[in-house]
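Two complexes follow with chain A in common, the first pairing it with chain B and the second with chain C.
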Partner chain A sequence: MDIKQNYFEFYGLPEAYDLDLGQLADRHLELQKQLHPDRFAHLSDQERRLSAQYTAYLNEGYATLRSPLLRAQYLLKQRGIDTHNESSASIDPMFLMQQMELRERVEEAPSHADPDSELAALDQEVVAAMSEQQAAFRRAIGGTSEAELEAAAAAVRKMQFLDKLSREIERLEDELY
Partner chain B sequence: MAYSEQVIDHYENPRNVGKMDAGDATVGTGMVGAPACGDVMRLQIKVGENGVIEDAKFKTYGCGSAIASSSLVTEWVKGMTLDQAADLKNTQIADELALPPVKIHCSVLAEDAIKAAIEDYRKKQGQ
Partner chain C sequence: MALLQIAEPGQSPDPHKRKLAVGIDLGTTNSLVATVRSGESVTLPDEQGRHTLPSVVRYQASALPEVGYEAHARAVEDPHNTIQSVKRLMGRGIADVRKLGEQLPYHFERTDEGMPYLVTAAGSKSPVEVSADILRTLQRRAELSLGGELTGAVITVPAYFDDAQRQATKDAATLAGLKVLRLLSEPTAAAVAYGLDQSAEGVIAVYDLGGGTFDISILRLSKGVFEVLATGGDSALGGDDLDLALANWLIGELGLGQDLSAAEARYLTEQSRSIKERLTDASQVEVELSVAGAHKTLTVTRDTFGELIKQHVAHTIRACRRALKDAGVSADEVKDVVLVGGSTRVPQVREAVAQFFGRPPHIDIDPDRVVALGAALQADVLAGNKPDSDMLLLDVIPLSLGLETMGGLVEKLVHRNTAIPVAKAQEFTTFQDGQTAMAIHVLQGERELVDDCRSLARFVLRGIPPMAAGAAKIRVSFQVDADGLLSVAAQELSTGVQSSIQVKPSYGLSDGEIERMLKDSYSYAQEDLAMRNLREQQVEADRLLQSLEQAIAADGTELLAAAERERLEASMRELRSLRAGSDYKAIEAGVKALAQASDEFAARRMDAGIQRALRGHSVDEIEEGR
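And then the complex of A and B:
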């Protein structure tokens, strides 16, 4: 184990968007056991600090690899593109138009005749749009050209909007019940 | 983080929230988004025959600073010529609203939105 390794290497998993989540969970348990503080109790302060660092890295890695959005962001970052912290990027205007319409529908959902079904319908749309972008990302990130990398980044940016939308839907669903 | 009084004022009483007919040839629509935070902003202008902006509307889904930035821009551009409006800088918006550094990107978004609206109008007019 080495925290200079990227998360995929750290977990001993192939660096790809498609990931066996069961295998990830198994590896996580194994590594957790290896890093358990009890096993380091008799060691020096320095070694115990190191173990705490490894555990933090392990947990960050798990959270990142488990989430389809964070995993995509991470793979892009490995290729030099940070879509999470960039301040501006041009987004397909048609996509923005759809986002605006969906946001308006979400905003109006509580006053809809049947808010539950409206929110459920919106949620389904967002889930479908998210899978579409994930598929686009999966195709593009496998490539090596500049254009493919840019297509992968465009897909992740769209996922970031959809993620915001889905959290907004969840928030409203929580408020309704 | 505390919002400035100016931001709170625009956030609580946003000016010119609404929608114009995007198909109208005298209306320019700017649609922009900030992927990092998922904010989306629509800013529209209605331009008179003399090339002066008669009316402006916006709708923003985002944080208080993004709402305030777009609200302020709709207030400012009314009565301006297209060239004057195209000259608006995000720093003017950020100064007026006393935006902290982490929220500067909200004023950039509003500047991008008015520029996109002007571009859309000019394209429609074949300019």
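And then the complex of A and C:
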């Protein structure tokens, strides 16, 4: 088995955006039981080294498939589009406007009268916008045409924006503690 | 480095013999050693029947250090040479130690950076050496009690320990001549002790407030697998801080200034600890204090003490909230709450935890012993004594790892609460035309600015071919092993030139220093270094040969062609004959050669394991489908 193979194949799961997360978790534990370095603690250095490599790959695969954003990015990458490392791509101006407004509100949240509730409300909005983009991605990635692929990439780029925003909210929440 | 058991020459080690393995809780205040005996995990007492060993070492000019109770008894009388709570200094720089703001009575060597060396009657001691002296004492206790040399130990560390603190702990074990089977998080060890007892399933929270550290871990238990979902805490908050808060209050009540001598300060913190402990059962305590010319009888109520430590307790609850969020579970999804560490005896702490999680916490296992008991259970599995065990502990990295980029900012490569082992790589480029070297600064922490994170190491990557700015591609890769220890490598990609890098640990010991300390160390004074090298290589050869024999017996027919098997067995014969000789370098080379020759076979066995794991699942599903 090639360690560079597709994560979906590694987990023996169909390559699709919709994934049974319970099944993924079960398989992850089964594979960990076979591969984790602790299984090789009393064996040779070479087996422990190999096992650490496999487990690192396994953990990376699990983190990728489990996260809706990383899974979407990964599916696109398999189709030749790397939205994670691209330097510039055009984004729907309407969406950008909304983002700027949201971002301003996030930046001002710490000086809000009730910063906790304001951040929680903003978080809710980001979550809602995120699931909207996930639905758009799900529709588009099922297709095979160039236009559908481009629509899927556009949805992922928006998800990346939203993800950054949600991290920013999390950071501000941490600072409030 | 470790001294392992060796069979008589010509005799192969008996694979059925039970290996002696222990779990060690290397605590701030007390340490313990435990092992599994007839299927049950037990802590091992000293010759006087005492199970805990105070983590106190007293150095003397011309005698071996005193460790434990006898050292503790001299703490007030000889404060400069008696080292307490050394765990708080592990992996820390001198500047951090000053920032701890404690009334540390020790004299530190005058250095502005690097490791804080303590000046004692027996010379300068690093915190790693002090910890090694505690470990040696526990090791001796275990070997006397079990009647043989130890195969290895699982040593527990706070889940929130950073890389430098973990590395320092591992170095201490190396100095003590102990083989580390695993560095295990204290809360995970506690969960194991509880989980195996009660065959629990579901999400549990472990709240661990020890003498000097605080951890909160959220774990999911499922079919013998303990998966850490998130961890949080403060590696500089513990019972010592509660004592200090009370001591400061006493100073105020006694009308004393801050210019107390080391002995006076230690008297007050010892009194505070005793008051704190008595307040667990009593609602108020009366003490007669006589210090620095002041004599007074004071009454301390539980409420007064509660007020003094309120900030600290609130801080731990905030960490619980964040850990739950990181784990993606709510407080009511937590099925069980486990308390660990002596400081969880404080009633205010218990109440706060019970209130936050909305359920009374478990206290059935002695909170002082539970960590060592869990560590022993894992040591037993890792030593190979329980081949059929399903138990597996999956851990995460507690703090994000990153690199310094332009403008003093930190670029994170591995985020906190990522499952380990993990490997990540990122590409960087040069800033100036013709740049041939690049400084790489590795950091750990959550903040965005370099100055707010912990500096782990600095590297210089040299030999980059001169190119225009931005043309070179430097790939920096991070690898974190199952112990949570990081290694970093860097490579220039565009030309394929591999440049080597030198690691300079910011607050740790270099390999050279460890080697020197090992040579200086009294446990090796009579031992010939060459003899030790030979024994180490023999152990490694035996381990490889034994595991290959087992592997061939299990999968040789299925996974090896006849010619491959013949080549492998020839290489094994070669190593066996080298093993019989006394040239450790030749054995080392033989081990390397055999490891290479069997690489492909080992990889095939891993793959077969993956296939088995997946096949097992499809069978289940077919059955479910019926």
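As a working rule, the second predicted complex is superposed on the first by the 157 of 177 C-alpha atoms of A that agree within 3 Å, B and C clash if a C-alpha of one lies under 4 Å from a C-alpha of the other, contacts with A are read in each partner's own complex, and residues count from 1 in each chain.
Simple rule for what comes next: a contact is a pair of C-beta atoms (placed from the backbone, for glycine too) under 8 Å apart; a residue touches a chain by one contact, two chains touch by 3 or more.
Remember, predicted model here, so these are calculated numbers, not experimental data.
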| item | value |
| --- | --- |
| Between chain B and chain C, more extensive residue contact with chain A | C |
| Which superposed partner A:Phe8 touches (first chain B, second chain C, both, neither) | neither |
| Touching partner for A:Glu86 - first (chain B), second (chain C), both, neither | first |
| Partner chain in contact with A:Arg27 - chain B first, chain C second, else both or neither | second |
| Touching partner for A:Leu35 - first (chain B), second (chain C), both, neither | second |
| Chain B versus chain C as contact partner of A:Phe137, first or second or both or neither | neither |
| Touching partner for A:Ser51 - first (chain B), second (chain C), both, neither | second |
| Chain B and chain C contact sites that coincide on chain A, given as residue numbers | none |
| Complex interface listing, chain A residues touching chain C | 1, 10-12, 26-27, 29-39, 41-47, 50-57, 59-60, 62-63, 170, 174, 177 |
| Touching residues (chain side chain C, partner chain A) in the complex | 19, 181-182, 222-223, 225, 227, 318, 321-322, 325, 378, 381-384, 390, 392-394, 418-424, 446, 479, 481-482, 540, 543-544, 547-548, 595, 598-599, 602-603, 606-607, 609-614, 616-618 |
| For the chain A and chain B complex, residues of the former touching the latter | 83-89, 91, 93, 96-97, 99-100, 103-104, 107, 157-158, 160-161, 163-165 |
| Residue numbers on chain B that touch chain A, as the complex places them | 31-40, 42, 59, 61, 104-105, 108-109, 112 |
